[in-house]
Amino acid sequence: MRPSGRAPDQMRAIIIEPNATRHAEGSCMISFGDTRVLVTASIEERVPPFLRGKGQGWVTAEYGMLPRATHTRGSREAAKGKQSGRTQEIQRLIGRSLRAVCDMTLLGERQITLDCDVIQADGGTRTASISGAWVALRLAVDKLLAEGRLTADPITAQVAAVSCGIYEGTPVLDLDYIEDSNAHADGNFVLLSNGNIAETQATAEGATYDEAALLDLLRLARIGCSEIFAAQLKAAGR
Amino acid sequence: MRPSGRAPDQMRAIIIEPNATRHAEGSCMISFGDTRVLVTASIEERVPPFLRGKGQGWVTAEYGMLPRATHTRGSREAAKGKQSGRTQEIQRLIGRSLRAVCDMTLLGERQITLDCDVIQADGGTRTASISGAWVALRLAVDKLLAEGRLTADPITAQVAAVSCGIYEGTPVLDLDYIEDSNAHADGNFVLLSNGNIAETQATAEGATYDEAALLDLLRLARIGCSEIFAAQLKAAGR
Amino acid sequence: MRPSGRAPDQMRAIIIEPNATRHAEGSCMISFGDTRVLVTASIEERVPPFLRGKGQGWVTAEYGMLPRATHTRGSREAAKGKQSGRTQEIQRLIGRSLRAVCDMTLLGERQITLDCDVIQADGGTRTASISGAWVALRLAVDKLLAEGRLTADPITAQVAAVSCGIYEGTPVLDLDYIEDSNAHADGNFVLLSNGNIAETQATAEGATYDEAALLDLLRLARIGCSEIFAAQLKAAGR
Amino acid sequence: MRPSGRAPDQMRAIIIEPNATRHAEGSCMISFGDTRVLVTASIEERVPPFLRGKGQGWVTAEYGMLPRATHTRGSREAAKGKQSGRTQEIQRLIGRSLRAVCDMTLLGERQITLDCDVIQADGGTRTASISGAWVALRLAVDKLLAEGRLTADPITAQVAAVSCGIYEGTPVLDLDYIEDSNAHADGNFVLLSNGNIAETQATAEGATYDEAALLDLLRLARIGCSEIFAAQLKAAGR
Amino acid sequence: MRPSGRAPDQMRAIIIEPNATRHAEGSCMISFGDTRVLVTASIEERVPPFLRGKGQGWVTAEYGMLPRATHTRGSREAAKGKQSGRTQEIQRLIGRSLRAVCDMTLLGERQITLDCDVIQADGGTRTASISGAWVALRLAVDKLLAEGRLTADPITAQVAAVSCGIYEGTPVLDLDYIEDSNAHADGNFVLLSNGNIAETQATAEGATYDEAALLDLLRLARIGCSEIFAAQLKAAGR
Amino acid sequence: MRPSGRAPDQMRAIIIEPNATRHAEGSCMISFGDTRVLVTASIEERVPPFLRGKGQGWVTAEYGMLPRATHTRGSREAAKGKQSGRTQEIQRLIGRSLRAVCDMTLLGERQITLDCDVIQADGGTRTASISGAWVALRLAVDKLLAEGRLTADPITAQVAAVSCGIYEGTPVLDLDYIEDSNAHADGNFVLLSNGNIAETQATAEGATYDEAALLDLLRLARIGCSEIFAAQLKAAGR
């Protein structure tokens, strides 16, 4: 029995509010249950130095957590003077995931930065970030298309992510904080709407796992991402 | 004529949603028009080193702005590795303002940290932060009182803040971003519900000002803060 | 009775030694009683990136305190690897104050940096810094005029600053360290020789204050700044 | 055809020289072809703050690359003043992998730090690091057992890691730098000698992949790790 | 012919003003010609962690240069966020030199920090710092002796330093900035009043040197330090 | 009697393995007994900003020590976020020493960086670094000559370094760690194959020394460097 009473293959409520902030070219507030992340997409008409003059664009991500997004207050990374290894690992994953569905040549020499800021945390902040980032990116690109700054759509597919893990011996979908803290193995799966996998990260905690367990987790991830894909389309007005 | 069409002594809409986040002991989302700040109050049963063993508490504040809270994206302070001088100046002001209405001996050996994170900016983020911080502090202290961890209320008054400035020759209340960028003088006023002033910071930009202008701005600040005091009480359920 | 025996509206001895150091284009050692600050003005024929090509100049300031300027040794900011919030707040105030009396278009595409280093501290280091910075700036600009690198004087007025506060119930002028540590309210006032105010910063410490008290402090500040204006002119040879 | 002429399921030459340095309690130089990593295990009779007094130990890892381990010189992280996100991600993975095979209660209140320094890089530095770290840890623990400081062996299994990827449409084992730079998908697999998986990290680059491809990569990883397990035992004198 | 017109074995004017600042336990302003350094000695009744409980004291030094001590403004190390390699090298040398004349057991469990801040630079700032630091240390120790906090004098000798170099083929004493910039070899010599040498640092610049040249420089250094020893005694009232 | 049983004027075994790493333009592993340093020379076709467009090159050095190169593990400088004063002092010395034998005009507008990384430490890491750096530089320059990118040899002489000190009253050559920890005076001498001295750094530890002792140490240094010069030539294939 899961602490939340959910079935093993049941997602938490997914809510995606598009245009959640005023200034960004694209944005949304995404909730997976009590986990809430504000994602903004910012378009800049320049690319990082290593891409200058190559006729292609870039998509990157930054991630942060408000100090009291969590049960006990964490220290503010800006005050500590550096981003933790965990933060950097997560923002690298988000950026990679979104780049997997963006044709950089079609995007042209511009950069889109996806800022994912966790307002409230209850497990799955990185997967909610990736899932919300697609909506923010979609809205920002739609703006470029509407304004005629882009003529062809550089987005090649949807991307979504969800965590799955083995909780008290059972593979379960979309771990919340209590489950995450006690799972024997947990994984983050980044899937595309065309059926392919962009990233698998599955870590044993205490126990280890085998191929069968990995496939079980992946099967759950496909269930969860289907639901997220639908919510993304609705939020993006498609 | 103000760009927003407001009268010179007219505040923007003040909205304070209490308990805006789940984990913090006290919190609110405060809006002054399009400026939105999430404030959380976190209680920790320890004090900074300089106060240890002195039988008194501490109230402090931290301030941050999400990278895309503004018209164009600003760089993330955590990624740059340091807080700007502006950020530090603001969080020092917030902390000082809240300490002005808190009896540290009655609070006991605990620290309350007020995190003010700007979700969307349109001028006046520091004054909205101070005004919201009082609500978050009030709710956190109410929790301590309700749980019997405090027997006497350490909060001695309400504190609120508003900016005023001289815009196109006219003293106006609660500057929004357009006004703030073009004001010839602007000030931030931190006032107490008992009629006293906690802090005055009035800076000439381009033009300078005199005692009469300063009194004009203060008179407007009193009008604005009256309205904020009422909204605070309502949000705090008092 | 003030600890120093001064009358409430009495400044400490103001001494300004011009050309206190050999290499700087302008400099002075300024003393307000036992507070001593060395100020240098350095001219560079370049402006910060945000001003390039705009045909105007910039005036900025940096502030530091020698580790043993104070009663007990403070740690060296260079060794700690960052400037404190207090340092940044002060140097931003100094820069803003001096920019209030300088016509940036007349200055042309060059930057003048005012370095204010506290050799000995006894309260009022930021106000002495501002007051001395005007002399250093004046001397540096006079050099530019004498060399024909400037044809019109970009300095539009004198600027001086002084602290005032309420000490044991009485408004007093130019707080020294003992008074500053015990004042119930204290303010820093930056005034121009044309009668206008450039900046007011008045903070309640413990007690709070009202409009009347603020005006009392401002009245004292005008008395103090008159005396500083005279000393500045004499030091600058005018 | 692989650039190196290897068969798809062929590892590069694995060489593990135990006791490669004089001072460390355990160490080895491990080579996967031209990739060479020096790993040392350092025992300290103290644990990190979060574990103090809990009667258990800790295993952690740090990773670095000499500036000219690579084709072109990279800047020295110590000189830049921070470790890159990549470095932090890798050292977190190494630590997690080794903790998966160590019983912290049996280890007792001591910490073993595994320093993995890349002397020469040609792809697979993180997997060589993990594989070599097990040998260094094994030797250090053997020393504790020999000296009677430990009576029961805290190491519960062997751990090894290898990268696999899809190169020109074919799943291949143990990518070298040229393959790694051109692979359409690549993964790092951390396996235990008891048949379980400790960690799977598989990333699409350009192309994405499906369950079948993931299983193919895992099958290759099992082949590679079998060979590494044998080399580890030999190096550790078992 | 030296640019200053001095004879090869002629020092610049040495001026040491004792008690140059109010708060420090010992201090002086030392000038070697146009090079001026303010040195303060601060006594703290604690020692660094590595000495705790060992019954002995510590003498350490920090060095800084005001941004405009030099011909062109240098950036402020506190603003840059780190001390340069040059600064660290110099402050390590100063500390080592003063420790050479202090019996740490007689000093007892306290630390004396010598802050050497260059007010104006014209070559020889590190040697002036060492020479002035002895005076500040002497005055601080005299205070401890006078107050009965020390009963035996821990200072075992005088220490002084001077630079010498080969300028246009001739060995010269006490290089000023112009000579220093053009010397073919230059050295810093730290000598004791008992005739011994504490430190020799002689570097070839462009040309290299031999034993004879090194002895020539050392001979000049003895001449210079004799003069400094006399000035130190006079400044310290001995 | 020296702990190692060596005669006072006896070096430890010098072993220099050229081409110790694959990617660098020049490299060697140098051992002075148990001290082992990996040195690489990296050629870059650009110079630091202060040399741009001046038609000359630059030689610089960086130094690091692996965390467990020493008896007890030291913290990793990249993790601490800064290089220690000792590290900076050493790398400045290495760079200066190599520049003493390189004609920057003949080198042309390119930079050669010498990375010296201590794999195992037993005293004398900086002198082994300098001695090995010459070999790495020689091999890198030979490559430039062989490829026709240089037509004249910019290397004007050999440079080598060795430490000498007074151990139990006797001047001894090439201090190992035990001797270094107990020496009453120790020096590092950087000598050229043409008989000249590039750098002398001799520090008293506890005891001080005089001219005669300095000459004794220098005489030993000449003996040691002769042996190193021969080993360098052999390693460089000359």
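Miscellaneous remarks
Per-chain residue numbering starts at 1, and chain names A, B, C, D, E and F are given in the order in which the chains are listed.
Everything that follows uses one rule, which is that a residue touches a chain if its C-beta (ideal position, glycine included) is under 8 Å from a C-beta of that chain, and two chains touch if they have at least 3 such contacts.
The structure presented is a predicted model; accordingly, all values stated were derived computationally and were not measured.
Chains that touch both chain C and chain F: E.
Fewest steps needed to get from chain A to chain F, stepping only to touching chains, is 2. In this assembly, D is the chain whose CA centroid lies farthest from the centroid of chain C. Chains compared, chain D against chain E: the Cα-based superposition rotates one onto the other by 120 degrees, nearest 5. Interface repeat of A-B: among E-F, C-E or A-D, over half of the contact pairs recur, by residue number, only in C-E.
Chain D has its Cα centroid 50 Å from the Cα centroid of chain B.
Inter-chain centre distance (chain A to chain E, centres taken as mean C-alpha positions): 59 Å.
Once the centre of each chain is set as its mean CA position, chain B and chain C turn out to be 28 Å apart.
Residue positions of chain E touching 2 or more other chains: 81-82. Around the ring, proceeding from chain B in the sense that reaches chain C first, the chains are ordered B, C, E, F, D, A.
Those residues of chain A that touch chain D in the complex are listed here as 82, 85-86, 88-89, 91-92, 96, 100, 187, 192, 194-204, 207-211, 214-215, 218. On the side of chain A, the complex with chain B involves touching residues 21-24, 27, 34, 38, 40, 42, 44, 62, 64, 66-73, 76-79, 81-83, 87, 113, 115, 117, 119-122.
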